[in-house]
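Okay, so here's the structure we're looking at.
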Amino acid sequence: MSQESHHDHFIVPTSVYVGALGALLILTVITVAIAQINFGSFNLIVALLVAIIKASVVMFVFMGLWWDDAFNRFAFLSSLLFLFLFFLFTFADVWFRDFRSPLESEILPIKSPVRPAVVGEKSSH
Amino acid sequence: MTDTASTTNYLNSTTGWRSWLFTLDHKRIGLMYLLFIAISFGLGGFFALALRLELINPGKLLFTAKQYNQMFTLHGAIMTFLFIIPSIPASLGNFILPLQLGAKDVAFPRLNLASLYIYVLGAIFCVYSMVAGAADTGWTFYTPYSSTTDTSVISMTMGAFILGFSSIFTGLNFIVTIHKLRPPGMTWFRLPLFVWSLYATAIIQVLATPVLGITIVLLVLERVLGVGIFDPALGGDPILFQHFFWFYSHPAVYIMILPAMGIMSEVVSAMASKKIFGYRLIALSSLAIAIISFLVWGHHLFVSGQSDYAAVIFSFLTYLVSIPSAIKIFNWVSTLYRGSIDLRAPFLYFAAFLFMFCVGGFTGVMLASLSLDVHLHDTYFVVAHFHYVMVGGTTIAFLSGLHYWWPKMIGKMYSEFWAFVAWLFIMVGFNMTFFTQFLLGSKGMPRRYYNYLDQFQPLHAFSTSGTWVLAIGFLIMAFYLIDSIMNGKPAPANPWGATTLEWQTDSPPITENFHDTPVVTTDPYEYGVAKS
Amino acid sequence: MDNKIIHESLIATGNTWFPSQASTFAASVDGMFNFIYYGSIIISLGILVATIYFIWKYRKSVHAKADNHENLTHNTWLELSWTIPPLILVMGIFVVSFKDYLHMAIAPQQATQIKVVGKKWFWAFEYPNGTKTLGELVVPVNTPIQLLMSSDDVLHSFYIPNFRVKRDVIPNRYTKLWFEPTKKGNYQIFCTEYCGDGHSDMLASIRVVSMPEYEKWLATQGSGGDDLPLDELGEKLYTSKACVTCHSIDGSAKVGPTWKGLFGAKRAFVDGSSAVADENYIKESILIPGKHVVVGYGPVMPAYQGLLSDREIDALIEYIKKVK
Amino acid sequence: MNAPDVPIQTHQVAHHFATAKQEFDSAKFGMWLFLVTEVLFFGALFVAYGFLRWRYPEMFVEAHRILSWKMGAFNTLVLIVSSFTIVMAVQSIQRNRQRLAQRYLGITAALAGVFLVVKYFEYMDKIHHGFLPAKFFSGVGVSEHLHLFFGIYFTMTGLHGLHVLIGIGLIVWLMKRNRQGHFYSGFFTPVEMVGLYWHFVDLVWIFLFPLFYLVG
């Protein structure tokens, strides 16, 4: 195999990679900053949204999915689809599980290794 | 067409044990897989015989309850992870896939060899578990029993974990091979149906097996560190374990049956000298089964305490998955119409498959029924059902494929007479053993019982006697196949007059598979056109 | 099996496939089975007959050349004909069994609630008035009963074949099961979720009686067995309180040590200590079994504290004394 | 195209491939499929995480305060930069800049090392306070389910850390082969593969960081 007959790879310009790096760093700062403010359950959604954007940048730019074979893209993204299905169907059970009984709490106290932090405990001696 | 058998082939091109242990040839790797799989089958079969012997009457005969529990666990784990999951893909698939494709090897030969050694390593873990206080959890490893029992659960599950990687690598290798190594002219709809089925299987192997891996990691960490996700005593949830386990293990059932269906498509077409009926529908139904199979796992949990909404969704999807399987059966039968049917061993096993898979399939329809499953769940009815699918389906198809490709793999013909005798024993023995268990189950006999009510004794005894007939059948087969290696007549390149590419080369093939890279110009089953 | 209560035989009653029907669910479950069963026999016979006919008609010796005409290898309408009707059929099965399942899942409001606890390896029942039984569930006929079930250790599953009901029993949460018995008699209860060495002996019985009998029984429970001498009561308790699952009286070792010759014998414990088995030792072993575990056995016995009355403990001690 | 920086050893295409392109495409496709298995491997853990979080939301609020978000954020930056350096290493090889690539690989390995060191200090702190999975848990807390958080925390970050460790090994192996002149514009399959693997490790952390350190 001669050196010249190498395959026709598209070489991504450095500027694109630098841009992606900048975006990722900024997004990290944003996600940390937002987390300091309490939006309640909204926090989780924002954090996940930012994480998904960051992940997309890594996947499409750094991992080169943008320029890659369509089928590679399909294969990798379909794994996310199956993961989503796994999540969805498991939670189809977890979310809708029984009409929990009011007696439930008395069934079995769990064997918790956590030492209880009671207010005033520190001042007890 | 090279009918003149060349003297060098993949078996004798190089010699010495190192040439086998370090080979990268997919054919040698396939053959070694076959050997290990046969040994595993023998071991698992031995446990099966011992279990059935113990069950010949209630109470203790030979083993204590604990020993019995350990043996059914070993039987299940060995048969599932060491025999039936790798059986067709890793042995026959490894050997035949590149040949049918017209490729020189699989895409990653070194990964292929690695997957064999990973298999051996996993097997060593399982055998180690056997001598070091075998696990007594059943092959399903349900928590919290598996996280609290004092038997060697860790070594057994680590064995399954390692075997999972072997399976992933085989599947990954096959997908890449099928995508990238097709010769000129081999379009997707010219792929033989066995290749299609291996492709569908490989998708499941790649997508589902990692979840088994992580489930086992969590179980092992549960025992070592007390991670607590599956342990109710720590606030975890045992049903979550069942979701994790069956997300792999239900698709795994299709890892077992899909390649079997592929073999049946090859055999019925070749033995009837007839183009397969409805090629596209069979090919696409394999893919449909692979995809839907991911969404039905909850039918193992109808009485487990999962939410009723989930149960309903899972039941609905389970019914959907039955349709592609039914399509295949009807297409195979139609293929026979106006064919020219050769009643030799591969076809005999095809006929056996057709009957037993129908029984397995229809009882599956019963078990998918939400209300009926409440009564039948975890009884012998389920045991009988999955043995009809796994043994009556997969193993019988495996035997069909083994007889079909044996001349290609070994280069020798086996005794057709003894093959018929063994077939008869296996058919009779299998149905004696397992049909009885349908009756036991619907009458209420729960599974995994060491002891049982006296009234079940006659049926249990009859079932046990069936296992002996079955064992005789397998022993006969072992003898005539081994005998054929030494004394069999040399096989012609194409003993069945089949049209797929593996028959276009010598028996056994040369190391490079083909003398010239084949160029494909027709569909795989063109029996209509004159053959060279 | 040395269970003293005679249950209705599962094999001898009912039809070929099922034990007799004893709850309101049984008829529809059996009906679903029969529908699929006869349907599959018809379809299988069709496949079988076609296959055998083709094999015979087109065997190689009489039909040497296959007919590979174009329209014999593909036919869209034919293929649709065996795709669409089966789909409709299974959807029908799905809808009917879905309805039955919902019926099983949702208990009537007025159902009598009985608590069930599964432990390795017996079943304990607690009635609304506080009455507790072991290994025997007594219920009135033609009355909806709801079981509120939980486990103390691993997964179990509560199964009454004659009622066609089953539900897993899980530690740390309640699962529910309801049924309405339609026939008086003694029926078998199995554990169907594998739970260890005693799994196959984790049996119990359900006795369906008339409403007046049930009320009378419920009222007299707790004072039951007063008229029996202690050792005879002990013998009865040996089976009814599930001691028999793990302890033999013939000297053979089961999950636990045998009772034969137990009283007065010297016991060596896993912690190295030992003691003579007297009344106090036996009482302690029943109530707090984990305290002194005999060499060669695991700490698997559940604590019976609160499950036995003093008189019942005395009765068991008397019975153990008698087993020599 | 530049001439290579270092004397190179020309790559031989394996016998069962027709062209170098076929070989490269196969390897890359294989790598993507491997990453598919990794997605489901870690993904299942995220499902387990989701379950615990859904079941014990207050416990998660309490537990995430025990973790140091500063260390987590620092590690996030470290991994993002390392992802950039390895992609630059790949690009340098594509442009026949082997020496530059060697430097980028070196930085990547060093950043991975920094990540592990930070992780080590985090772990030590948790171990010191007894915040461990249940069998070794001895920490003080309000929620009785606190041990579950540390069960899943150590499982997920531990497995991720293991992947980082393996990644360091692979990068060192790349550096050794690069020094010997194995990689050039016509053959850089292993560099590309390890690069993809390393980005995946980064990808997992991008989700681990907010889910454990930020949102309680």
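Each chain gets a letter, A, B, C and D, in the order it is written, and its residues are counted from 1.
Methods note: a contact is a pair of C-beta atoms (placed from the backbone, for glycine too) under 8 Å apart; a residue touches a chain by one contact, two chains touch by 3 or more.
Note that the coordinates shown come from a computational prediction; the quantities given were computed from them, not determined experimentally.
Participant: Comparing the two chain pairs, does B-C have more C-beta contacts than B-D, or is it the other way round?
Facilitator: Between B-C and B-D, contacts are more numerous in B-C.
Participant: Work out per-chain C-alpha centres and flag the one nearest the whole-protein C-alpha centre.
Facilitator: B
Participant: Using the average of all C-alpha atoms in each chain as its centre, how far is it in Å between subunit C and subunit D?
Facilitator: Result: the chain centres lie 50 Å from each other.
Participant: For subunit A and subunit C, let me know how many angstrom lie between their CA-based centres, rounded off.
Facilitator: Going by mean C-alpha positions, subunit A sits 44 Å from subunit C.
Participant: Just curious, how far off is subunit D from subunit B if you go by their C-alpha centres, in Å?
Facilitator: Centre-to-centre distance between subunit B and subunit D: 35 Å.
Participant: Take the average of all CA coordinates in subunit B, do the same for subunit C, and state the distance between these two points in whole angstrom.
Facilitator: Taking the average C-alpha coordinate of subunit B and of subunit C, the gap between them is 33 Å.
Participant: Would you mind listing the residues of subunit B that make contact with two or more other chains?
Facilitator: 179, 207, 211, 232-235, 239-240, 247, 305, 308, in rising order.
Participant: Any chance you could list the residues of subunit D touching two or more other chains?
Facilitator: 25, 29, 33, 36, 39-40, 44, 47, 51, 55, 134-135, 137, 144-145, 147
Participant: Which residues of subunit C are in contact with two or more other chains?
Facilitator: Touching at least two other chains: 171-173, 175.
Participant: Please output the residues of subunit D touching subunit A within their complex, sorted ascending.
Facilitator: Touch list, subunit D to subunit A: 8, 10-13, 20-21, 24-25, 28-29, 32-33, 35-36, 39-40, 43-44, 46-47, 50-51, 54-55, 69, 73, 76-77, 80-81, 83-84, 87-88, 91, 94-95, 134-135, 137-147, 184-187, 195-196, 199-200, 202-203, 206-207, 209-211, 214-215.
Participant: Could you pull out which subunit B residues touch subunit D in their complex?
Facilitator: The contact residues of subunit B facing subunit D are 103-109, 111, 168, 172-173, 175-176, 179-181, 206-211, 213-215, 217-218, 221, 224-229, 231, 234-237, 240, 244, 247, 512.
Participant: Under the stated contact criterion, what part of subunit C meets subunit B in this complex?
Facilitator: Result: residues 1, 9-12, 14, 16-19, 25, 28-29, 32-33, 36-37, 40, 43-44, 47-48, 50-51, 54-55, 58-60, 63-69, 72-75, 78-79, 82-83, 86-87, 90-91, 93-94, 97-98, 100-105, 153-155, 157, 159, 161-162, 164-168, 170-173, 175, 188, 190-201, 255, 298 of subunit C touch subunit B.
Participant: For subunit A, which residues are in contact with subunit B within the complex?
Facilitator: Going by the criterion above, the answer is residues 71, 79, 82, 85-86, 89-90, 92-98, 108, 110-112.
Participant: Would you pull the subunit D residues touching subunit B in the complex into a rising list?
Facilitator: 14-17, 22, 25-27, 29-30, 33-34, 36-42, 44-45, 47-48, 51-52, 55-56, 132-137, 144-145, 147-148, 151-152, 154-155, 159
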